[in-house]
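Letters are used for the chains, namely A, B, C and D, taken in the order the chains are written, and counting of residues starts over at 1 for each.
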Amino acid sequence: MTASGNPVDYESRVRQSFGQQGAMRTLGAELTHVAPGAVDICLDWAEGLTQQHGFLHAGMVSTALDSACGYAGLTLMPAHAAVLTIEFKINLLAPAKGQRFRMEGRVIKPGRTITVAEGRAYAMDRGQEKLVATMGCTLMCVQDREGLSD
Amino acid sequence: MTASGNPVDYESRVRQSFGQQGAMRTLGAELTHVAPGAVDICLDWAEGLTQQHGFLHAGMVSTALDSACGYAGLTLMPAHAAVLTIEFKINLLAPAKGQRFRMEGRVIKPGRTITVAEGRAYAMDRGQEKLVATMGCTLMCVQDREGLSD
Amino acid sequence: MTASGNPVDYESRVRQSFGQQGAMRTLGAELTHVAPGAVDICLDWAEGLTQQHGFLHAGMVSTALDSACGYAGLTLMPAHAAVLTIEFKINLLAPAKGQRFRMEGRVIKPGRTITVAEGRAYAMDRGQEKLVATMGCTLMCVQDREGLSD
Amino acid sequence: MTASGNPVDYESRVRQSFGQQGAMRTLGAELTHVAPGAVDICLDWAEGLTQQHGFLHAGMVSTALDSACGYAGLTLMPAHAAVLTIEFKINLLAPAKGQRFRMEGRVIKPGRTITVAEGRAYAMDRGQEKLVATMGCTLMCVQDREGLSD
């Protein structure tokens, strides 16, 4: 897999877009790994992200995983392209119980129009890392569509 | 479809659980409809919920839809049961662009152990309501499992 | 929703493509309804389509539903376009137990590149029709791609 | 991961159930690998399994993948349990073009009631193996439910 442009380009594009997501600030999320086709996002547990049992809400897990998958896709897209999520599916394997969480997004099939990525969510609970969710995600590369930024 | 217990019971159980979800406060979400097998959740656009183009983040759409589907399922479960999401899939049909959003959760197949629900997300943009996402969601009814609240 | 070209065109395109699917002959499937954005496929139970309990195999249900959704999409695409399935998800609500089955494919969001459809599978068992599966399906409209027919 | 009972038991249970699936005979499918939590199924291209461009129909790919995932799950279930597919999602990464196909089913999270598996479909085309589809699959372990075999 080769990234479009040089590494500085794809990483700065990902970081710039990430910085524009209000949702990532709400999650307290950080970009901890950015490579061609691979992005990791980490976040700490916070009361504002919980479901009724005090664990991370499945939707908040999917918010971070969707961004990890989308940005993994964006690293491989042309410089002026935007990435859109067409759909994703998430399986919750265990309650998202922990102090910190790491979300991996990995491209498994890049494409001119359609890119497919997979995500894995890990909970770090008292020093142990545990797989708590898996995502399958379909992304679209959008070019020259003014409406996206209006 | 018949609810377990009387209406006061299922509605108060849903409202109590909803009130314990930190994620719903973060979304500014309200329970606007609670009936057997059917729950609606509404929320306003807020900067803290956005993706990079300023629209509602797909993950935030899924957070509200997942809660709407889960609580639609809970209305039909026994009084002391808890509801867990096993998996969901969301299709993003259009950018979630609007001032306010309404998320519908509807049970299409209740079951003793497994319940299947569907969600629809509508964006209200300058007075027009538009379908922006659909969800398919599998829920599990959990009884007597201490670990959920520890 | 408007079909591309006149009704004769879209219906004949669907019927011609359907006739080229060896899988539909194996299923004994018939096109029983073709309208803009809506296609039904029916088939009878047969021993060669079963899982280990003698019911219709979930994969065979999905084969017919995928074709119903794909052709529902094709009715709304340009005359020389081909339709590809990007992904689908199926929920099995009940064993597919019956003598005959009806699969509905319905477009819920047509698009220039991406079309989203939903499917419903009904089993007709001793005169009763029962919903046994639901599908969410993402389709792509492909034009001018030689490789598809080589 | 440990299988229930000794290896002879789980393998014979899988092979016996596989032999009762009319759909597997229709596909010309063979069980080529059976281990705890891991099952492979192989099949050759046949005209009766095709979509309109002559490639393997996405539904037929999903039929074999669903069985591979289901039997991967069954290897880890108690001796008298039956396995049911609750739902699956498949992403078609490339046309299923080839002379032979290998479907991998792998358990990623076994459970007393719910088991989650992942599938990968590979096409062998002129000596090259290519990943053409991925599946995420939720299975249920069913015990003592008479109705399944009636």
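Everything that follows uses one rule, which is that a residue touches a chain if its C-beta (ideal position, glycine included) is under 8 Å from a C-beta of that chain, and two chains touch if they have at least 3 such contacts.
Small disclaimer: the values here were computed from a predicted structure and weren't measured.
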Chains in simultaneous contact with chain B and chain C: A, D
Taking each chain's C-alpha mean as its centre, the one farthest from chain D: B
Chain A-chain C separation of Cα centroids, rounded to whole Å: 32
Chain centre separation (chain A, chain D; CA means) in Å: 29
Chain centre separation (chain C, chain D; CA means) in Å: 22
Averaged-CA centre spacing for the pair chain B and chain A, given as whole angstrom: 22
Junction residues of chain C, two or more chains touched: 86-87, 89, 91, 136, 138
Chain B residues within the chain C interface of the complex: 89, 91, 93-94, 108-109, 116, 118, 131, 134, 136, 138
Touching residues on chain A, where the partner in the complex is chain C: 86-87, 89, 113-114, 136, 138, 140
List of chain B residues in touch with chain A within their complex: 17-18, 20-23, 25-26, 46-53, 57-60, 62-67, 82, 84-92, 95, 148-149
